[in-house]
Amino acid sequence: MLISCPDAPGIVAAVSKFLFDHGANIIQSDQYSMNPDGGMFFMRVEFDLPQLSSRLPEMEADFSAVAEQFQMEWYISDVSRRKKLAIFVSKEDHCLVELLWQWQAGDLDAEIGLVVSNHPDMKDYVESFGIPYHHIPVTPDTKKEAEKRQLEVIGEDIDVIILARYMQIISPTFIEHYRNRIINIHHSFLPAFVGGKPYAQAYDRGVKLIGATAHYVTEELDGGPIIEQDVGRVSHRDDVPELKRIGRTIERVVLARAVKWHVEDRILVHENKTVVFN
Amino acid sequence: MLISCPDAPGIVAAVSKFLFDHGANIIQSDQYSMNPDGGMFFMRVEFDLPQLSSRLPEMEADFSAVAEQFQMEWYISDVSRRKKLAIFVSKEDHCLVELLWQWQAGDLDAEIGLVVSNHPDMKDYVESFGIPYHHIPVTPDTKKEAEKRQLEVIGEDIDVIILARYMQIISPTFIEHYRNRIINIHHSFLPAFVGGKPYAQAYDRGVKLIGATAHYVTEELDGGPIIEQDVGRVSHRDDVPELKRIGRTIERVVLARAVKWHVEDRILVHENKTVVFN
Amino acid sequence: MLISCPDAPGIVAAVSKFLFDHGANIIQSDQYSMNPDGGMFFMRVEFDLPQLSSRLPEMEADFSAVAEQFQMEWYISDVSRRKKLAIFVSKEDHCLVELLWQWQAGDLDAEIGLVVSNHPDMKDYVESFGIPYHHIPVTPDTKKEAEKRQLEVIGEDIDVIILARYMQIISPTFIEHYRNRIINIHHSFLPAFVGGKPYAQAYDRGVKLIGATAHYVTEELDGGPIIEQDVGRVSHRDDVPELKRIGRTIERVVLARAVKWHVEDRILVHENKTVVFN
Amino acid sequence: MLISCPDAPGIVAAVSKFLFDHGANIIQSDQYSMNPDGGMFFMRVEFDLPQLSSRLPEMEADFSAVAEQFQMEWYISDVSRRKKLAIFVSKEDHCLVELLWQWQAGDLDAEIGLVVSNHPDMKDYVESFGIPYHHIPVTPDTKKEAEKRQLEVIGEDIDVIILARYMQIISPTFIEHYRNRIINIHHSFLPAFVGGKPYAQAYDRGVKLIGATAHYVTEELDGGPIIEQDVGRVSHRDDVPELKRIGRTIERVVLARAVKWHVEDRILVHENKTVVFN
């Protein structure tokens, strides 16, 4: 259960009493108050309740009184229903391969509904996992149609879209469909090196650490809420291909963490920032 | 407020309702359940309540009913009353200097009641901060008397003892007085390199990372509950003095973190492990 | 070119003059002297020389005079001849998958000659890369024969054996065949948690960081020269399966680095330690 | 000995032969070639030569023939002559305190000639180490005079100026006097968050790691050659004061490393980047 609301006394008490009265046992509960004298309050409660799926509608109805009292935005997610992913990829395959490997190893608790690419290269590999692969070429002229086609193949039941080094810019219309549900991996330590060729930019600036950033996609290029970042050490000896090589492992790890937290409902977005309960 | 008890349904609800009924606003609450189907439950609640100090006795009395129901071990700590530290040091001064600097910078929210050392070297430096310095020499023959003298100068109102590179072994009697309230910094990544000269041991083994460990002191040498650890990279070029130099910064940072968490009541000890709510 | 010898004045001058006289241009040169007043000297020189392979025999003959003068152990490796790997694996496949992926991405500049396993599970996957897969079951009774069979399938032209989570102990006879050429990944921060079930050991001890260690295999279990180590942060919330999950990524990265350095001839072994020129 | 020159065959041979002929024993030698088929070559040689200081003039005269042949920029630094530092500081004292502590502990092998500040606060503390403290106030109107006064008190024998959180912008004239000899610590992971209040900028952007950067000062604000960078993990819970607290330790460590490498002559600057032989 994820809740955002203006801070006020009694929220935790009301929520935990509600859950107790409905027979749920709280396994973990996290809160974050931006400021006790006002500001926003965020809460995540993980609870155990037998036959949740059948009892969920009733619970949701009952909870609306509590929610109204505190002006909550909220939802309850049933972990027995795994989230469904669409993965977008271009030529660079390392992030896709990592997600597939983690998924196969049981480390990524989600379903991979389909893979979409503007290149045909990974078709056989992806299909060998039993996952549909849609090759939808994108050119400046066909961009609009391509996005329409993408939305069609995605359909209605995809929870989150992962841009696993997908090198096309997504239109505002597309973003609007999946507000805070499109995760991109940018191959720099944002806000450094926004835009194209970040490793070349990093090389030119002579930085001593390179990084990667997973963020939700918004209309502003590489400007959306940051979910996770990490860095690796480099030296003057590392040219651009070597930076890319080192960076690939950072990108893989950072994206995989962000996806994991998203599918476990650990992330709340407020304005242009994330609250990550991990 | 820190709570440990056997896990059971309704704990969070009971505690948060209690706090709400007493007019407290929960700022942060953390829980950890070892296993939802049994096992221990740990909880830390940070709450805001005007005039807590005067209302504390009443609250504590009222809470005993809740506590009894769930067989809780618990206590409420008033953050307006800062914890009082005694720092023990031998010849190596870097950990002491770090704590004094963090304290002076306002980054360590505690009082430093006194410094105890088996060497006179740091007397002037410590006293320049207005902190009493007790030089109590320790020899194999005078060990028992020395500890007696140490307990005298510490008195009754010290909350926690920090062994900031204090190179004498503490007796079981002394430990018993301050169970889970003596923090030691060991200059290795425990359980590797228990005992003396860990940097020399690390050099001989040819490790590629060295570390430091802050832990509560128990009767087993370097065997107590680990609070925090960190490491730094080394190479074949680093001889023992260089390992010590690199290690000093790791030790300082690790000990300072552990002390901060202790004085902020973020640590619960269960069997030989810590639960750190940070 | 890799050189180990007792330290003496003039080694660098002699080697670099030799290379210059033979028309080689030094790209990179690293040295490490254990102690300028005695002790060992280690050197790695990367040089560029057209048609090295045809000129190598003559160079080696010419160099013996220099080598003799300084009592050098040395060899010249032609980077145009890529090293050949045999990978041993049991049930856990993440380290194997990582090496195959890095190899396919061109990040691991070596040939993978074959994969040997005591389980049949990965056969199809490995063969899909065009790499031979030898399933050689090992039981306590058949251990000796199994090793004999392993040596046969490896043949004569494998440079290095990678134990990518191969969970059988290698016999001294086998080790002797490949002295300092068998790399194992141990799933702990050695020398902590030697032997079996290191993640369970780490959980029991309550460490706050877990690690992995790549080392050359010697007769002493988990006691050989350490090539590389790294760690990741864990907390009281992480149970053994979660430690394993976090550890898998550390293991993959650490092993891949060690293998890369080995195939690039960046490692010298002296007594029970490594000199890594990276 | 530090050398920069266009790459060409025979440089290492020529230099090492020269040193051998003059009786020097090479302890460590590092090279970096930007590109073997052209581009720049950088070299650092650490050698042992009895009575270097008296023999230096003759060596330097002899070396000019070698230097001319390869168009070298070069110099030989006598490590028995410790480098002399001037430290500039404003109100925040943590970087100054760290350098003083490392210097006192013998970890910073240099002399601290004087401390200059636009505030009087640290006068007693600095003087307690026997180091002169010059309080030179700076206002927009008196900036030019203040810099003149600073240059006077610095005098002629200061090798490097450390801006240890000195919050005034240095004029191009001043920079010209100490080209590649003024080290600044910027409290962000450059090039992210150039300019004022980087921690507030980092908070607003919602980054998950904060950093610090030590760099040589050039006319472009926070744009000079980067020497060293490091980062620390933060979360949504960390407000600006907490980011500052975490950042202080990163800043201290990063600046201390950069200063150490500079005084050990491990850094070469080429265009707007550093080559660090560490």
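Lettered A, B, C and D in written order, each chain numbered from 1.
We take it that contacts are C-beta pairs under 8 Å (C-beta built on N, C-alpha and C of every residue); 3 or more make two chains touch, one makes a residue touch a chain.
These numbers were taken from a predicted model, which means no experiment stands behind them.
Ranked by how far their CA centres sit from the centre of chain B, the chains are topped by C. Superposing the C-alpha atoms of chain A onto chain B requires a rotation of 180 degrees, rounded to the nearest 5.
Chain B and chain D have CA centres that are 37 Å apart.
Rounded to whole angstrom, the centroid-to-centroid distance between chain A and chain D, based on C-alpha atoms, equals 41 Å. Residue numbers of chain C whose C-beta contacts span two or more other chains: 32.
Within the complex formed with chain A, the residues of chain C that make contact are 93-94, 97, 101, 105, 107, 128, 245, 248-249, 253.
For chain D in complex with chain C, the residues that touch the partner chain are 9-14, 16-17, 19-20, 23, 25-33, 36, 48.
Contact residues on chain A toward chain D in their complex (touch as defined above): 32, 189-193, 205-209, 211, 225-231, 235-237, 272-276.
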